[in-house]
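Two complexes follow with chain A in common, the first pairing it with chain B and the second with chain C.
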Partner chain A sequence: MSEHIVPVKVYVSIFLALMVGTAVTVLAAFQDFPGALNVIVAMTIAVVKATLVVLYFMHVRYSARLIWVIVASALFWMGILFALTFSDYWTRGWL
Partner chain B sequence: MAESYVEHEASHPALQHHFENLEQQREAGTLGMWVFLVTEIMFFGGMFLAYTLYRSKFPEAFAIASNHLDIKLGAINTAVLILSSFTMAMAVYSTQVGKLRAQIIYLVLTIVLGLAFLGIKGVEYHEKYVDHLIPGTLIPGNPFNPDPHAMHLTQGVLMQHVQMFYWIYFAMTGMHALHMIIGVGLLSVILYFSVKGRYSPEYHNPVEVAGLYWHFVDIVWIFLFPLLYLLGRHLGGH
Partner chain C sequence: METFVPPVPSRINYINAQYGLKSWLLTKDHKRIALLYLGSISFFFFIGGLYAMAIRLELLTPQADLLQSTTYNKVFTQHGIIMVFFFLIPSIPATLGNFLVPMMIGAKDLAFPRINLLSWYIYMLGGIVTIYALLAGGVDTGWTFYTPFSTTFSNSYVVATGLGIFINGFSSILTGLNFIVTIHTMRAPGMTWFRLPLFIWAHYATSLIMILGTPVIAITILLLAFERVAHIGIFDPAVGGDPVLFQHLFWFYSHPAVYIMVLPGMGIISELIANFSRKNIFGYSFVAFSSLAIAVFGFLVWGHHLFVASQSVYAGMIFSFLSFAVAIPSAIKVFNWTATLYKASISYDTPMLYALGFIGLFTIGGMTGLFLAALAVDVHLSDTYFVVAHFHYIMVGGTLLAYLGGLHYWWPKITGRMYPEGWGRFSALVVFIGFNLTFLPQFILGYMGMPRRYHVYPAEFQVLHVLSTAGASILGVGLLIPLFYLMWSMRYGKVAPGNPWHLPGLEWRTQSPPPTENFDYTPVVTWEAYEFAPPEETEVVGKFHDKVPEKA
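For the complex of A and B:
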């Protein structure tokens, strides 16, 4: 299994996408969306940007399965951290 | 078999004796860095959790405190960091294809951009210092004591909740800045060995692994920027 060399064109495209994402997130922050939509828009853009960095700049898209498992495990344990904590805090008022 | 093993071992000076070949050594190095990054994700995850918790408890105070941050400097720093991630990726690419001069140039650019980020962060921290926004009594003789009028404090919002935002702001951006400083140190070592000609298309894992760390620090900022600087802008910030 030899390594995959990502072409420069891909790096440039990802860089431009990240810059556009930053501009969009700043513009969107000044719009008053209903409800919690502002947070949802901001976090969606951040997740997309982070995913681009992980997949292309960090080469995970072309990496061994084991790397995918490691990355997924981080997200899984983060999920537990948030889910268990907030299942407590956000339900305290229910009693 | 034994002879070919010995022959292989002698084939590249960078190959450590406990690996069968450079490919295996490279994959082990990358895997090791990713395992470390998982611990880093959990480490920052705890702080993101604290942020989410207190923001949901004190939404108005957090919006007011956030609107006092310098959005221009924050956005410029985001661009600087993304550009540095690009130059880092190009440094790895240049090593992979054996363009050693480009490798050195891109490493220098990455370090310079990292230092620029830290410089801008320093300007921001100084502004907070001048406005008495550094929480608690971390700075002797300059306790947390902002002008409520300058903060546009509205009725019913407590200054101690505004202070909570600044505790989290300084903890998270401070930890991020520390990671940047470590990253710049790491890349300086890589640059030193680059100049000495240690890295080649066959052996470039240290460059790649340092890059993984650098990109991780960039990702943390990708989340910090909207969460800390942009959260209250739609409420008519300043």
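For the complex of A and C:
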């Protein structure tokens, strides 16, 4: 297996992007958005940051398809956790 | 000309290849690491057993005479934590799995020997932190750490204990990772997926759960610690949290963890049933795939722990249905084992006695699980001794019996010595009787309304509690007997040949104990799993260990 060499510049720019993301998270935390938007904004920033970490710091972007399958199955399992937990929270008011 | 030289115990093997403490503490040999684990889990089993004794002694009388309420809370909590996280979860995979996964597939070691050793050190570190927490003052939340008690009200060492479990989880993840990579990449030539022993399929399925589930309990414990220390609102409703969310996250791991405990046991039972029946297992692929089905379905049922915890009725219905569904692959296994026994040439050696005990007890444990998966019945039985009896039938009647059966079965391979058969059968019988006497009365107690985690109870429950304590004493004796004779046999037992049971599996085609590299040559597999030679040829099968098999 050949290792992909990532230039240091990429790591630095990803790091800076994550720092910006953190700053935006803090700024957004002091704004009161209407309705459920608070959660949506915070989660969006978090997901973007996590994606950057997974793709670049964890080298998934440069990895074999098998690694992508592993990542997909992990996300699928997280989907199970979310879906069945929400099957409780979203239906509590039905009865 | 090729001559047959019978192996002699003085041959270099993994035990006498090197001497000294350093050679053990820095070993990368999966077999030695398995023995390190064997020693450490036995230690934790002993500690957990002492707590069990304290519980049963206290419950002899309806009053609180031996332990105060706060002490009793700590004793049952610590019994659960030690037994679940430090004995049952690593028990079979880290000892017998570690020893046998490479041997059964014809590999020299696991894929990552250093990571394997690291997993033991992580396990020990987690264990030491937990023991520290217990000595410092203990923990009283129940092994389930339910919020808000654990985050807000408990004055015991919740964070320290949680940290121990958090650390320990990584050893589990590393073991699972090692098994998966090993099974994918290191099978001997000719060892196709459908020639794998069912023990390997079971460990593959278990490893999937370890990798997919354990990170969730790690995060859950961290959130619990953050909430307890920094009062952030995740589980505390006063600051916007939800205590039931903890139960969702906790059981997302901890229910599949039950399958981490029992699936390797099922793998052992498949080996024992086929090999002591001298017959190919009935429906090999069904038994193999049912392990994967249990691993997958096991992740979809956790909500049955929340039926009376304010979970919505609709979620309850979904989880109830899915819980019934997970019984199907388990039932496939039980029926296929039973069908294998039909018209078989069964020998009732000690491992087989444990295997037959497993089938009966696991069936009772599984069927009572269906009572609890039924929404309406669970309202009555939830948090009673019925639940306690149910999961002990799975964990003790299932996992522990399989573990003991497997330990006896592979003991000659591990140590190069036979255990005393008479004592083995006797103690298997004592364990079976003691176990049933301990836990059958608890089903009745639970049905009558005895809640779990209480030590003061109405006088009319006393007879059943006395029966249960009597059974626990017998069970304790039944577990101490093997401890003594197995240690005795390491020095004085009859020297075991390479293949004492005359079986075709790869682990039996090398000397006992195996050399450090497991095999003197890379085995080439040309036979199917559980392919038994006709009786007149079994002697030949018994001698496979010293020459390359041409064709089984």
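Throughout what follows, the second predicted complex is superposed on the first by the 94 of 95 C-alpha atoms of A that agree within 3 Å, B and C clash if a C-alpha of one lies under 4 Å from a C-alpha of the other, contacts with A are read in each partner's own complex, and residues count from 1 in each chain.
The rule we apply is simple: a contact is a pair of C-beta atoms (placed from the backbone, for glycine too) under 8 Å apart; a residue touches a chain by one contact, two chains touch by 3 or more.
It should be emphasised that the depicted structure is a prediction, and the values quoted were computed from it without experimental measurement.
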### Task
Could you tell me whether chain B and chain C fit or clash when both sit on chain A in the superposition?
clash
### Task
Tell me which partner A:I80 touches in the superposition: chain B (first), chain C (second), both or neither.
second
### Task
Name the contact category of A:V24: first (chain B only), second (chain C only), both, or neither.
neither
### Query
In the superposed arrangement, which partner chain does A:T91 touch: chain B (first), chain C (second), both, or neither?
second
### Query
Is A:L55 in contact with chain B, with chain C, with both, or with neither (first, second, both, neither)?
neither
### Message
For the overlaid complexes, name the partner, chain B or chain C, with more touching residues on chain A.
### Response
B
### Task
Check the residue A:V8 against both partner chains and state whether it touches chain B (first), chain C (second), both, or neither.
first
### Task
With chain C in view, single out which of the stretches 80-88, 116-124 or 170-178 of chain B clashes with it after superposition.
170-178
### Task
Once the two structures are superposed, pull the chain A residues common to the chain B and chain C interfaces.
73-74, 77, 81, 85, 89
### Message
Touching residues of chain A toward chain B in the complex: what are they?
### Response
1-3, 5-6, 8, 11-12, 14-15, 18-19, 22, 25-26, 29-33, 38-39, 42-43, 45-46, 49-50, 53-54, 56-59, 63-64, 66-67, 70-71, 73-74, 77-78, 81-82, 85-86, 89-90
### Summary
chain A residues touching chain C in their complex are 73-74, 77, 80-81, 84-85, 87-89, 91-92, 94-95
### chain A partner contacts - residues on chain B that touch it in the complex
23, 26-27, 30-31, 34-35, 37-38, 41-42, 45-46, 49, 52-53, 56, 71, 75, 78-79, 82-83, 85-86, 88-90, 93, 96-97, 208, 211-212, 215-216, 218-219, 222-223, 225-227, 230-231, 233-235
#### Entry: Contact set on chain C toward chain A in their complex
212, 216, 244-245, 248-249, 252, 299-300, 302-303, 306, 310-315, 318-319
